[in-house]
Structure formats: structure tokens, C-alpha cells
Amino acid sequence: MSELQAESNHRVTRVTVWNEFVHERRDDSVRAIYPEGMHTVVGRAIERYLGDTVSVRYATLDQPDHGLGGSVLEETDVLTWWGHCAHDQVSDAVVDRVVTNVLQGMGLLVMHSAHYSKVFKRLMGTGCGLRWRNEEDRELVWSVNPGHPICKDVPSPIIIPRQEMYGEFFDIPQPDELIFISSFSGGEVFRSGCCFGRGRGRVFYFSPGDQEYPVYHNEGVARVIANGVRWCAPSQRDSAALSAPRAPLGWFESEEAHRG
Amino acid sequence: MSELQAESNHRVTRVTVWNEFVHERRDDSVRAIYPEGMHTVVGRAIERYLGDTVSVRYATLDQPDHGLGGSVLEETDVLTWWGHCAHDQVSDAVVDRVVTNVLQGMGLLVMHSAHYSKVFKRLMGTGCGLRWRNEEDRELVWSVNPGHPICKDVPSPIIIPRQEMYGEFFDIPQPDELIFISSFSGGEVFRSGCCFGRGRGRVFYFSPGDQEYPVYHNEGVARVIANGVRWCAPSQRDSAALSAPRAPLGWFESEEAHRG
Amino acid sequence: MSELQAESNHRVTRVTVWNEFVHERRDDSVRAIYPEGMHTVVGRAIERYLGDTVSVRYATLDQPDHGLGGSVLEETDVLTWWGHCAHDQVSDAVVDRVVTNVLQGMGLLVMHSAHYSKVFKRLMGTGCGLRWRNEEDRELVWSVNPGHPICKDVPSPIIIPRQEMYGEFFDIPQPDELIFISSFSGGEVFRSGCCFGRGRGRVFYFSPGDQEYPVYHNEGVARVIANGVRWCAPSQRDSAALSAPRAPLGWFESEEAHRG
Amino acid sequence: MSELQAESNHRVTRVTVWNEFVHERRDDSVRAIYPEGMHTVVGRAIERYLGDTVSVRYATLDQPDHGLGGSVLEETDVLTWWGHCAHDQVSDAVVDRVVTNVLQGMGLLVMHSAHYSKVFKRLMGTGCGLRWRNEEDRELVWSVNPGHPICKDVPSPIIIPRQEMYGEFFDIPQPDELIFISSFSGGEVFRSGCCFGRGRGRVFYFSPGDQEYPVYHNEGVARVIANGVRWCAPSQRDSAALSAPRAPLGWFESEEAHRG
């Protein structure tokens, strides 16, 4: 049986890092921070911490099917999502496929302003609004669930010297597990790290990361993203997850059924 | 200050009981059980238990705007929803308005096969599928949160001699509070009473109630519905709930803001 | 049936406000703020907001059985608890009785430094530690569950100009419902309003309220306490809650059992 | 950085399987099922599924300090606990040390009748009672969180042909994650797989497993136990978890603090 285990330990988590990739091309201030795009910094952070247990690919809005066509999603264990100014340019067909894959088991890591992405709003069922201010607040990210795997080796607080303020009330359903709470120098608070189960999939929302500040270069933030990827990675995937089968009396008594 | 309280105690909860109202007109077997429609039996149960603290009105699919036009929703504290064979005939415009009102504070009590209604699926963000079988299983409804107000004066178990089976996995997000779990004589289990917060609103899903069985005539079931209406009733409503305001530094220091 | 309802609306919630009542007698600085004891200010706040739907009595550490002997607890719907420097003087027999009554349905509102009371630690099962600093931080108390009845008419944020800092990690189980998060001017955050179910009872922890600052004179704080009392009040009480009965096959089929 | 990862992947989870080990010596019927004690069957199941990623040792009530003296607990990542007829023979000193280690991060897997163990009751804070009947009910164990790692490769339902009935109301706090619900042929239901966070530690309660039936020989049950051990294993451990440090203004601004 240790073969099974060995296999499980060496199985590679396939990550697709998705980025809207508009600001970096359009705004000098953003390009100065992320010359190759935010996604590359995020992807390298994941590789740096997770090593050869992970394989990273990239996808962006401007690609055909936003880079998520064919079997990309079916071959993705964890999708990370960053968007801000072009949420409405994401096609509904792609949104449907992302949501379906999450409900079947794909992990989803939702970053910063993607709180307002179509994908996140669909999975939450709420408005996902929040208070905001872009005036260089200092953000402190505090762990409130220090035994959780997402907190492993993460300082509490993570200190982000300059950052956009995101404040409560954040219109999400109560998270299944609340991991981080941030304070801002202006006095606001925010539930900045939130875990949700949706269908067979896991969703982790992590708010630090505005395009105007070098937040994804912060090592504490990078560590959280890597831990989040690992937490979101599915145990198993079920392509029949969205069915609603009729179950004849005693259906589970056949051997096949209870073998699982 | 006791005036405030008195007002609060005597405030009437305005309930709108919504019914698809198709089976009762089309199927003799259903009309035999609910000659005036299921909604009237549900509405009377609510009146029977909540007395003059409640006012009940009705709305059905076949009415203009499904009976939910004008300011009906804005003047509804708790909406109950039953649907089965005509989910797709509910207009998206009405669904949008129901969802918006829930997020602003309106209570929503979702009944039985309305697990597959557009309204519920939108608020959950998941597929909402389940296993099912219509073969006269006996359902037992057990309280697993006996101190919760929805369990007040409810027997545990409620015994429903004949009922459609709904079985796990029920594809909903983990409820904020799980109130009832049902077993069926065929051996399945189901999370049959589930509380969710969505925005400023409260959603209670309660599964007993197929059109082919006289389930809404059961007093235990009626009691749960009445308790559920009371639990869903909003403390306050916020028509600005879906905004995402910019919050200038120190915005809350003005008197108006912190007066709430 | 409207009689039932009328009864329920007019039923008086019996509140016992418990105070260690040591600082107010010993420390001039505290007596200056609470000359008759903190409990009287808390009790009057509850009366002010809940009017004749509530009856308030007081109990203190120095009384026989800490004022909780005889049938006081059995005749209490909601107990509020404030303690700080004399937790270890509370007798284990009284702690046992308080815990038993909570598990049977009595509400418990735990205030500020009572996070370290024997009663709260027993009900939580964790260490209940936190970070602290007594240097006149400004505390802002933010609602993160604005549709919850405890937030009714509560400003967000409540501004407390000077207060002891309580900071994360707060070693409690994840609350069933998180209601408030505070920030402090020094940058820390704290889960300052937390709802827990324990047995048939409800527990609400609310952290504002140090003896060195006039926090219980703040109207926002007073409102939360009144709302919290109402939320904690039991729907029903079960003196057999701690039994573990053998259940013979079919025990629930007798009429008495399923009548509830 | 892949070195770090490699280390993490190959790190062995140290499991201590604790058993009261009274029934197997005293009762012929139990010895027939578990001639070397239940703990050996449990331990071998863990080894069978987790292979060389785990090391298993055993401890029993009759040993000095119940086999948990010296640094055994500090060197245990996950402790499994089975007890039934001798809960009160477990010394309070050992209970204190187990609880402290859980709060510092040690995982705890609580099995069947250990719902009434001192250790579990201390960590829950509730009465932990339930309904029961020992009359050879068939138990079906249904997954209600199929994406959770504890459900990996577990059939739904697990069919246990003969088993003691455990029924609701089970007097525990609402679990952070509910994983399994069982039905019994007599009609009762039970939350049979429950996840809790306590301090930095994780607790998994799994109810199948009476001494009178060969439940731990069931492969589905064995798989759940193995998965549960892996889920409980700590990310990190904090021997200072029970402190409540004073935090001077700006304490976190030193480099050491925010490095974590």
C-alpha cells in the first residue's frame, strides 16, 4: 500500500495562473512593478515554495477562450484568478466552464479585486461588494486560524507597507473557515483570507494584491498563495458532480456502489 | 424606550407565499390533496401559529410578474417559495429582483423541490442536485440543533409516513446552521433543514413537502414552516446593500456615520 | 392560536447580571466610572432598550453562592458575566451549575475579560488566551454580519475612543457566527463579537468593556448588549439535556414521543 | 526550495494509537473479534493506507501514565483514542496533558464510545450525550462533503451490516465541517464524522466502531481512519500556544516578529 502513498506524494499539482493582464500593458506605473505581468510573479512564487510538486502554466484574457479552452480546465488542479478592470470582458461561456470545473473538484484561488469577478460572484451567490480606498494605507494581515495549513510558516501579521484599503462589510456568505483578518492604518478591517467549499471544489479568497503596489513581491503574501494552492488542490474530481440521479430502492447494495 | 420595544413586538411580519401552482391544476392526485393549491395550506399554517403577528398574501406563477411585480417584494418581509415542474418559466427579471431583495434583507423560505429553483441556485452558487426516489418512503425528520428557534415545539422526529426520498449528496454549500437531518426507510439521509445567510438576508431551506403526499397537512411540518418564517424575518433592511462605496480616510468619524 | 403568540410576545426575559464587583470597590479610578458597579450600568442599558420585555436582577461574587444559589439560575433566561481579577475565586460548584444551565438552554453573555473566566473556558474547551495592552488604544467595532439581529440599530463602526487592546490570536473555537471585528489604533484586530451554540444554550462573547474606561456608557455598546440578551434568550429549556438515553427500537412511534 | 518540499513530503507522521484495552481482555465476544486488541487493527489499517509516511506506536490504559508519559505526546503528531467502560480510570493529569498538546497542535482522532471520554468532553465543552441501542442495526455512513480529503476513496455509503445505534441529538458544538451522516435501520440518524479545530490542533470524531462488532475490519471504515489521521496531522506546533502575552505598541514592527 506504500506504493499508493508514494504515488500520492509525488503527484504533481497542475496550476493555471490566470491574469486579466490589462493594467500591466496599459499603465506605466503597473508595468514598472510587474514588467512581465503579475501572473509571472505569482507563478514563480508558487514554484518557489512548492518546487517540483507543482507545474505552472499561464493564461490571460487576450488569448483565445482567455487561454482556458480545450481541456485546459479539465487538466488544471488549481486555477488562480486575478482581474480588475475587465471583468465584463470575460465570456459567460468561460465563466460557466470555470464554475462547472470548481463544482466538480478543481480548486480556485481568487485574488484581490477578483472579488468582483463573474466567477467569484457566481460561486458566492452574493453581491461581493466592499468598501475601498486607494490612499496607501498600511495593511496588517493577521492569522486567526494559526493551525490551518494555509498559515504554515506565515508571519502574523504580514506587514504590507502600502496597499489599497478593502473594508467591511464584505458581502460574502460566512466563510467555512476564516483564516486572515486585515487591519488598515485608516482603521478599517477586512476578512482577507476566506475558505469556502463549493460542490466538490475548494475556493480560497485572499485579498492582498493591488496592481499599484508591489504586494506579490512580499514573501509572506507569496507563502500564503503557495499554501493556498496546496489547500485548494482536489483530493478527487467527479465529472458527474452536477447530476441528480434517481436512486432506486436499495441501489447502494450492489457491490459496485458501496465500493465507492 | 419601552415604546420602541412595544413597536417591535407588535410589528407585523408580512409574508408572501409563492407557489408555482401547476400540479394542483393539472394533476387530479395533487388537487385531491390541495384543492385550493398548496400555497393556501402553507399560508394558513403560518397564520395558525403566528396569529396576528403576521399578514399573509399569495402569489403564483400565472399572475403578471408571477404576482411579484410593483412593490410586492419591497413590502414582503419573508417570501416562501415552492416550485417543481416550471422552474424555467420563472422570468430572469423576477429572479433578479427576488435575489436582490434577499441580499437587502428579505427572508426566503425555500421548500422541497425548490432546491432546483433559479432563485435558490443563484443564492447558493452550487448545482443543488440530490438523489431522489418517489416510492413512498417513510421520512423521519430529526432535530440536530434543538436549542435553535426553528426547533421550538417541533417533535423530534417528525414522522412523515409517505414521502418522496431526497438523499445525499445534496450539492449545497455547508449551511451556516444545520437544523434537521432526515432518514428515509430506504436508508438514505438528507440535510432537510438548513440555514444560510446571504447578504443582509436569511434563507431557510426545508425539504419535506412533495405534491403527491399530504405533507403540508402535517402539524410538525407546519410548525417548522411557521418557526422558519419567524427566523427569516429581517431585523432591518438595507436598500444600499449592493453598493461598493469608496470610503475616504476617516469617513466614519462624522457623527452621522457612527450613529449608524 | 394567536393566544399562543401573544403569550410568546409578552413573555418577559429574566436576566441576571453577574459582576465580580471587585475593581469598583478597590480602585478609585474604576469607582469614578462605575460608582454603583459596572453591573448596574449594564443592567440599566438592558432595561433601557428592552423595556418591559425584560426583568433584571443582579448577582455578585461576594454574595452567598455568588448570588447564584437556590433556583436563581433555573429562573434566569440570560446570564451576563463580567470578571477579571477574581476568576479563581468563583467556586467550581457554581461554575458547574452555570455550565449545566447553559447546556440546558440558559443564554450566556460573556463580557470583556471574562474570556478568561472558568465558565467561558469550560464551554469553549480551549485556552481562550489573547494578546493585550492597556495603553488607551482607540477601538473601532465593525459589523461583519449586518443582517444579524445583534447588529440591529448598531453603528458600524462603534467608536470607542480609549480602550484596552485585545488582539489575535484569540484562542477560541471558530464561532458559529462572527458578528463583530475590532481594530485598534496600534494595528491589531480582534474577533470582538462571537456567537456559539453549546448544548441547548446560546453564548455570545462581546469584548468591549474594560473597567478602566467608560465603555459601558457608550450607547453603541449598550445596544449590542441589549440585542445580545435578546438573541441569547432560550426558545425552550430542557432539564434532561445531559442525559444519554437508551432508545429501544421504534421508541419514537408512540404518540407521545413524536408529539415532541 | 524543492528541498523544503521534499522534506515536507517525506516527513513521517508519528501516530500513537491509544486503547483502553479492557473489553478485549475481559469479554470473550470481543476477544474473538480483536484477539490482539482493537488498537492493533486500527494501527495496521493506518499503516496499510499511509505506508512509510507514517510511524505507529501503541499505548494502553494499563501502562504507566497510560503509555503517554515522558515525551510520548510531544513526539506524537496524531493521537487516536478509543475508550468505553473505563473513562473514569484515565487520570486527570494525563487528560490535562493530552488537551494541552491538542491545543498546541497535536491531532486527535476520537473513536466511537470515546465521545464520552474525558478528553473529548473537555475539548467540546458540552455534555456529548447521545441516544443509543445495541441491537444489531445496520448502519449506513453517507458522505456529505465529498470533496473533503477525509472522503477520498471512501464509498458512500459505507455499509456496516451490524452495529450499535448512535442517534441524535448528539450534544456537541456544531462541527466546523460535517463529513459523514449515518442512518440506522431503526430510523435514527447521527452526525458520524465531525471535524473541529481546537487551539492549533484538529480533532476528528468518527463514530463507527463498537467492540461487539468487527467494524474496524471494514475497509471503508479503515480508509476513513487513515484519511482522518492525515487530515489531523499538524502543519506546525506551537508550545507557547497557551500564553496570553502583553503586546507593547508596535511589537510586530521588529523584523523577527513579522518574519513569523
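Per-chain residue numbering starts at 1, and chain names A, B, C and D are given in the order in which the chains are listed.
We adopt the following convention: a residue touches a chain if its C-beta (ideal position, glycine included) is under 8 Å from a C-beta of that chain, and two chains touch if they have at least 3 such contacts.
Being a predicted model, the structure only gives us computed values, none of them experimental.
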| item | value |
| --- | --- |
| Co-neighbours of chain B and chain A - touch as defined | C, D |
| Between chain B and its twin chain C, rotation from the CA superposition, multiple of 5 degrees | 180 |
| From chain C, the most remote chain by mean C-alpha position | A |
| Between A-C and C-D, the pair joined by more C-beta contacts | C-D |
| Averaged-CA centre spacing for the pair chain D and chain C, given as whole angstrom | 32 |
| Chain A and chain C, separation of their C-alpha mean positions in angstrom | 37 |
| Multi-chain contact residues (two or more partners), chain B | 140, 145-146, 156-157, 167, 174, 176-177, 187-188, 197, 199, 252 |
| For the chain B and chain D complex, residues of the former touching the latter | 138, 140, 142-146, 156-157, 167-170, 174, 177-178, 181-185, 187-189, 191 |
| Residues of chain D that touch chain C when the two form their complex | 103, 116, 122-127, 129-133, 135, 165, 167, 171, 173-174, 176, 186-188, 196-199, 241-250, 252 |
| Residue numbers on chain B that touch chain C, as the complex places them | 1-6, 9-10, 47-53, 105, 140, 145-149, 151-159, 176-177, 197, 199-202, 220, 234-236, 238, 252-253, 257-260 |
